[in-house]
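Two complexes follow with chain A in common, the first pairing it with chain B and the second with chain C.
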Partner chain A sequence: MAPSLLHPPSQLSPAAALELSQQAPALLQSSPSTVSSSPLGAIFSASESPELWIKYENLLLSCLRTGDDLAAQQCLERLAARFGEDNERIMAFRGLVKEADAQHPGKLEAVLKDYEEILKENDTNIPITKRRVALLRSMGRVSEAVSALVQLLDFSPTDAEGWSELADLYLSQGMYPQAIYALEEVVILAPNAWNIHARLGEMQYMAATASGAGGSSYQKHMAESLKRFSRSIELCDDYLRGYYGLKLVTARLLKESGKPAKQNDEGGLRLPDTSTIERLNELATAKLSEIVRHSTAGDRGWRGYDEVEVAAARELLSEDASAASRIER
Partner chain B sequence: MAQVPVQTIHRDPQLFYWILLPITAVMILTGVLRHYATVLMASAPKKLDQKTTREQRALLRGINVRGNFHTLAKPSFDVRRDALTTAYESGAYLKSPENRGQAPPNPLSDPSSMEGMMGMMKNQMAMIIPNTLIMSWINAFFSGYVIMKLPFPLTIKFKSMLQAGVATKDMDPRWMSSISWYFLCIFGLQSVFNFLLGSDNAASQMAQQMGGMAPNAGQMFGPGVDPDKQFLAEAENLAVIEHYSVLDGVEQRLLEGIKV
Partner chain C sequence: MTWISKAITLFGAVLLGHACYSAQEHSALQSFKAATATLTSSSLAVASLPVDIAIETVIAIIVILFGLVLGTRPLRPIQWRVWAGKIEREGEEGFMDNDGEVNKDFVGNPFKFLETRPGFVDIRKQRKEFASWVKTSSAQ
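Let's look at the complex of A and B:
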């Protein structure tokens, strides 16, 4: 799939980002350099379309990533000329460019101070608040980032982006219950997002493995992890990460099935019986090998899987196969 | 059977150039002007301070939890329900907790709500004034003219619509008076404005009238609504939820649903 400037470039590989940012001179040349923001001027000047501004934003991000600061600056100037310097989004982009330009940590401190100045004037400026959190995180001050984010989510608890960032921050600190809570908020806001369900399954699995087998919370986490992965596949039935996680969880459960753990009845989720787990494991294995086979062959309709994820799935399958052959011998 | 004789009225061809075209042109021009006048007069949406945002979004969060509770397992949902109900009932999310229990301020005396009403007034005025002017202009100059003949036959019922201002009993309804042409322009120029100004233009009066009828989404947090009452109602809604989860039995559904 060719990268498009109409989608946010955060998930692109370095090569794709470079390809995008190389379109910068052409795009900057072909579009008019100023579009007036006053309605009277708009009658006479060239017409504009929302796509143009989306392109500028994404180009700005790609250029910053590939080090083309000059083109990024140009994009920013055009956006600022159209929407004004006091637009919250533009302020955040300006801060982003400044962060990218900063040569030494002292400059970053200055940018951080700028953010705090802006927030002192207007404490509902959400883009700047988010930039501040991101900057604090990249400077390694995680606890400050967490408290700033918690404060943002206190007055704006319907912000899915904020909750998922908080989940990620907590996860990086190994605070699994908090991370799971934050990600559950994202699921509430986007109940059919299969990637979030799978991510929640991954977190539950991590929490289970971290707490160690045998504990009562272990059972609970494993059960919910299994169910989250199943739900994710139910919502998107070719989702590689879902099958990968399902296989991981069921394999682990089957390995431990020799010692029947006591099920706690506290209204939580219960693990299904062993035969169901076996069938789930078989399903995941079959589907994973199908995906790997088709995707490696480059069949029609099976492209678009992330190469890294396919490679990981192949590795998991081959591990599984070698373990099976060892048992047979 | 006697044929109804075809009516012929000899009209001056100049009527076309001096009445039909001017009315149409004036209608289009006022539409365009009104669009730009509305754009110019539009005031930027008012900024909410942090406490108001918090109050509104806390309520939205409760609504979201209520709507999507089935994505959560029971323990996680119970935690949220307890926390939200307690906070709602204690008024922790209220903008001004000290005003709890008092009657909401009169929306007419509240200055913050006045601005919204002024905006509505302005829009209404931008619609009413030009229409009144044009109609009186047409009435003063062109009343009583029959200006065109429609190329298709119509029943007698259309007479009152097409021949407004021309009081003749026996005239074929295909003949059309100038004031009727004006009304036809009001309702028929919609697509012309869409073409000229883009689809979300402010010139089309139909859209504005429709917008006035439909309940607008901002009503939930509008003036005169007591947030404390909303919170209490939401707490009650949360409390009566009978929890179930999509995670219950999902693996069985999966095994039945997906075949490799």
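Let's look at the complex of A and C:
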């Protein structure tokens, strides 16, 4: 699957990013260097499409990543010529280029100061606020990043991306309850996002394993995790990540079911009984093996999965099979 | 699949053309007959279209419609979980049109940005990772 310039490149592998940035000279050459923004000019000059600007943005990000600063600068100049220097998005990209160029911490401090100058003039500049948070995090000043992000969410509480970043920041600090709270906000803003439900399930599972099997919150986290993974599957057929998580959680619960755990009703959420968990585990195993089988064979209509994820699922299944055969013996 | 639909549509178009031609010929014949009838001063024949031409027209239109419907793209799923499952399972392949081009509006999982978070990208880390990837891949 060839990477497309129309999609944001932040999740691509290095090889794919390199492939994208190698398209830069061709794209920069083939498209007009200036597109007039005035309506009169638009009649005479070449027509522009929204895709062109998306391509420039993604090309800018890919080129910065691969170190092709010249092409990145060119993309930025064209974007700036079209949308103006005072466009908030362009300001953020300009900052991004400066960040990428910065060789030593002093330069980074200067960039940070620039951001603060911009925010002093207009403290509702969301792209710049986000860049500032990202830069603080990148410099290792996590607590400052968190407080800046909380401030952003204070005046823009419907920013799902911000909440998601906050959850990730808290998670990196091991603050599970806060991270879960932030991610639940994302779920409220995007209730159909199946990947966020799966992510929340993963976080709950992490919180459960971190608190240890004896902890009082353990049961609650496991029940929540089970619920979240089930929801992600409900929202998306054949969701590998959801089934993987479901299998992980149910297998752990079944392994512990030998010793009766005390159920506390205070959490509001109870674990389902053992037979239900067993059925869920069987379902997850069946679905995962189906996905792995089809995906390995490269069947038509099953090629969308990530190879790494399929390999992980295969490993989980083989682990499970070897554990089962050990029990039988 | 496409050539079948194209053939059926073409066949329907031929039928329709034939029906039109027949109707035109019929009316020409009728007016010629009427002209000769006035010359011989006999009663004026009422010119109505024969029923077989009407039937041919209707059948031609049905055949054309059938051919066109056969040639349309498969419908997109309207259930959320089916649609989402299609994205996960098939990736880009599931959203191609007949020419093998991926649809322009296909973006994969539309909620992916909540996990990749392009607004908070840590470009210095990405650059470092890329540089080390280049080093390891060139060493091999």
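In this section, the second predicted complex is superposed on the first by the 328 of 329 C-alpha atoms of A that agree within 3 Å, B and C clash if a C-alpha of one lies under 4 Å from a C-alpha of the other, contacts with A are read in each partner's own complex, and residues count from 1 in each chain.
Keep this in mind: a contact is a pair of C-beta atoms (placed from the backbone, for glycine too) under 8 Å apart; a residue touches a chain by one contact, two chains touch by 3 or more.
The shown structure was predicted, so the numbers you read here are calculated from the model rather than taken from an experiment.
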| item | value |
| --- | --- |
| Chain B or chain C, by number of chain A residues touched | C |
| Chain B versus chain C as contact partner of A:G298, first or second or both or neither | neither |
| Touching partner for A:D237 - first (chain B), second (chain C), both, neither | both |
| Where chain A meets both chain C and chain B, residue numbers | 234, 237 |
| In the complex, chain B residues that touch chain A | 36, 39-40, 47-51, 53-54, 57-58, 60-61, 64-65, 68-76, 78-79, 245-248, 250-255, 257-258, 260 |
| Contact footprint of chain A on chain C as seen in their complex | 80-82, 84-94, 102, 104, 107-109, 111-127, 129-131, 133-134 |
| Complex interface listing, chain A residues touching chain B | 39-40, 43, 122-124, 154-158, 180-181, 184, 187-189, 191, 224, 226-228, 230-231, 233-234, 237, 266-269, 272, 276, 279-280, 283, 286-287, 290 |
| Sites on chain A touched by chain C in the complex | 1, 4, 6-8, 10-11, 14-15, 17-18, 51, 61, 64-67, 92, 96, 99-100, 102, 127, 130-131, 133-134, 137-138, 160-161, 164-165, 168, 186, 190, 192-196, 199, 234-240, 291, 300-305 |
